[in-house]
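Here subunit A shows up in two complexes: once beside subunit B, once beside subunit C.
Moving on, here comes the complex of A and B:
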């Protein structure tokens, strides 16, 4: 299958610290890929690197983002704006803070259309997309406060899809929603993949959700990718100690009265990073080498892994 | 088992004013619940079903319109506010968002000291003890809320709730704003504290996985009504109400 997005050894940061190191993955057409990790692991930063919307004090130090064969590094701001929204759509965690309370939903979605259409055509198109996301045509005339959280998120998805993008970036799209609505939104995203010929890169901290929706999972920790592989394989047979711990702390893995095994400690602040594997202070399998060097990526059977437990190949 | 709370025919309506007329929305209708001492009672349902309103009406942070609430066989619906205050320290509430429930201008230690009785020295000692219990170190006594992470703030909110030696705590989605790994730590803390202080919880959540793991009995709420109530195990095994079934199906 054709690769739609490819990140090659991306490093992001400034003179003082690197927040992303050697991020290397690709997304194929019609594929859903999830990035999983705790807060502060660099998941959202990875998304922002792709559309080149990094905070001012950070820049891409090294590596390439290749989207549909185009090297995004070479594009200037004007050319980049043609890709944002048109080729790459994005949805966020809290829909209410991204919708303007003073304009109707129809108005706001129409604004996002990049093609030159007349009024009637625009309206027709907006209503079509609204219906595809499971909203009624009536929503076109409504204001954001008249919609529930789930409906607002649907409107956001409609807005992201209005230009028929080929890639959708979703930054924790269901975190602020309750179970039943989250479930319908996730199923909606799943169905859109085939309908719109779409690929989705989803960021979440819930690995069971990632397992449900995605084809592949990428586990990140402190700015590096520690494990990637097929969703089912990762969820059922995690290899990296961090992935194991992430799955272990889900409450559904325990019976009543048992203690949840949690991950001791916290994600390290990036300015306090030491030369070794960043997970080693919290790891049960820590060896001497873990404190000295960052393990390099091991590749086997569609899986990549960074851990000395599975062979101590040292970067020269 | 001793009945701690007994709620009879509880009703609450909110008035909504539109341009031309006043409309009434029924938030809670005819709620009957008994909560036993020492249990974790779960309240599940989707947002807007009235879970939070019930939690607040129960401890009279919101006045009910109709019905009676008995706390240890004392009817607290009729008691004037002044006398209710004596009971208030027995029941506490922990909110969903620790970023909003702590005053940004009060140091964490002082926030915990507020509820403790005694002279200043005793207050400080007790506050340090409680903070230590929830996993906040003594050195951080003088830090402001913004210096703590989300999980730590929720710990401080728990410490504040514990500072008056309560018997009963309403936990209003205390982990839904936290990471999965931190969520596990906080849930463990709730279990530890329950055993240590012999607490009773009303645990409001929309996360069925947590409800299943934590609670002894469960009530399912739908549009202001309790549609099903019973032992957690049994409800998860064979739900009898169609809404409960739908809720269980949407588990990922």
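Moving on, here comes the complex of A and C:
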């Protein structure tokens, strides 16, 4: 399968701090890839790096984003706008605030259409997409605040799909929704992959959800990728101590009344990051070397890993 | 539009009424040629400071007349402007009465007016020192006073949105430069700025030139404060998530500013527009009042009032000279109520 998106050693940050370091992964066509991690690990920033919508104070310091063979770094804002929305769609975690409250859903989706269609054709197209995402044609005339959270998220998905993009970036699309609604949204995304010939890069902090929907999982911690691999393998046989801990924290692994374990400590602030492995302060297998150096990536059997526990190869 | 009115009626009846008052005033201004019984510059030398003509249904014998009528007035004491009502003669009021030929809306000539008398005179709001009908002058004056508000507001809002929008959206250096310029404008007290701008131009301009000049001066003063507020709103709205979402959809900067950011300032700016129209009407009145605005014989509400200034005798003997002030008041308060109501109604969340 061809690679639709490839990130090569992406570093993002400014003069003072780096928030993403050596992000390196790729997505194939019709593949769903999930990025998993706690809040503040740089998952959302990775998405915004791909679409080149970083906050003003952050820059891509190094590396390349290659989308369908195009190096996005070389594109100016105008050329980039031809890719955003048309080739890469994006959905967000809080649909209510990502829809403009002043305009109807139909109006907002229509404006995203790139082809020159007349009014009737546009409307037809919007209603078709709305129905595909499980909404009634009636929603076309409704304002965002008249819809429930789940319906708003479906409308966002419809908006992202209106131009038949080949890649959908989903930034925690189910976080603000209740479990049943979240489940239907996730199933919807899963079905869309085949219908629209789509690849999805999903950001979530729910590793069991990532396991359910995705083909591959990328685990991020404090701006670096700590582990990647097939979803099933990662979920059933996590290698990195952080992934292990994440899976240990899942409520479904516990009986009723049992106390759920948490990872003690928190994600270090990137401001005061130390030279060693960022996870080392919270790690049960901490060795001396962990505090001194960041482990480099180990590749084996379609999996990558950054941990000194699995090999003594040290970054020079 | 129909929906907005319906909602306005339900939610804020006062502003609904205000809307119709404003519409009524504008219609009066547009059809002044047809409604006004006399031309604005027609002087009735026999009727200086004539009080408002009373309209009667019953004559002195208590007989009812279906057609309302007026009595003739006769000046008995020119020094004190005392009038005597001649009750012998009944002058009925007719609709579509014949009068002098006048051009209507600048399009065609007509000699029929909405109402009038065949004999005698009808001065609904009385006459001024020169014996000109105040009602007719108010209608013609409304053309100037009401249009100055609309045109002035459109110009300064266009400037305010454009400059404030650019300043807020791009931020940084551009923002800094624009805001300093705006502050220079705001530094001067607006009244003196207005006077000095007016003083920069010759005094003996044609009335149309003066009209244009006043509009430009007023909007020149008005845009700065607005630009600053729009800039502040844009600054906060551009950080909203839906702006990020529309960037992710690849919309152009132009479209983002005008479709997503500017409309979200409307909750404020609609009110600001309606609230600042009175400022323009008053600005014109002030200039006219000081003799720097619209010149006689052309009427504006301001220069009609200016006659009363410093003339206490007129105020005590002919209070009807103040009717233009009532119209200014009515317009301003209606615009204020309308703005208030529109702000509530135009927010989709309140539907």
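In the analysis below, the second predicted complex is superposed on the first by the 316 of 316 C-alpha atoms of A that agree within 3 Å, B and C clash if a C-alpha of one lies under 4 Å from a C-alpha of the other, contacts with A are read in each partner's own complex, and residues count from 1 in each chain.
Throughout what follows, a contact is a pair of C-beta atoms (placed from the backbone, for glycine too) under 8 Å apart; a residue touches a chain by one contact, two chains touch by 3 or more.
The structure displayed is predicted, hence computed values, not measured ones.
When the two complexes are overlaid on their common chain A, residue A:252 makes contact with subunit B while staying clear of subunit C. Once chain A of one complex is fitted onto chain A of the other, the partner contacts of A:275 are absent, as it touches neither subunit B nor subunit C. Within the superposed three-chain model, A:181 lies in touch with subunit B and out of touch with subunit C [touch as defined at top]. Contact with subunit B, but none with subunit C, is seen for A:148 once the two complexes are overlaid on the shared chain.
Touch criterion met: A:208 reaches subunit B, while subunit C stays clear of it. With both structures placed on the common chain, the touch criterion links A:51 to subunit C but leaves subunit B unconnected.
Common to the subunit B-facing and subunit C-facing surfaces of subunit A is no residue whatsoever. Interface of subunit C with subunit A (complex): residues 240-242, 244-252, 255, 259-260, 263-264, 266, 348-349, 351.
Put simply, subunit A touches subunit B in their complex at residues 38-39, 148-149, 177-184, 186, 205-209, 212, 245-246, 249-252, 254-256, 259-263, 266. By the touch rule above, subunit A contacts subunit C in their complex via residues 51, 53, 80-86, 89-90, 92, 94, 97-103, 111-112, 114, 143, 145, 156, 159-160, 169.
Remark: subunit B residues 46-48, 149-150, 179-185, 187-188, 191, 206-210, 212-214, 216, 232-233, 246-247, 250-252 touch subunit A in the complex.
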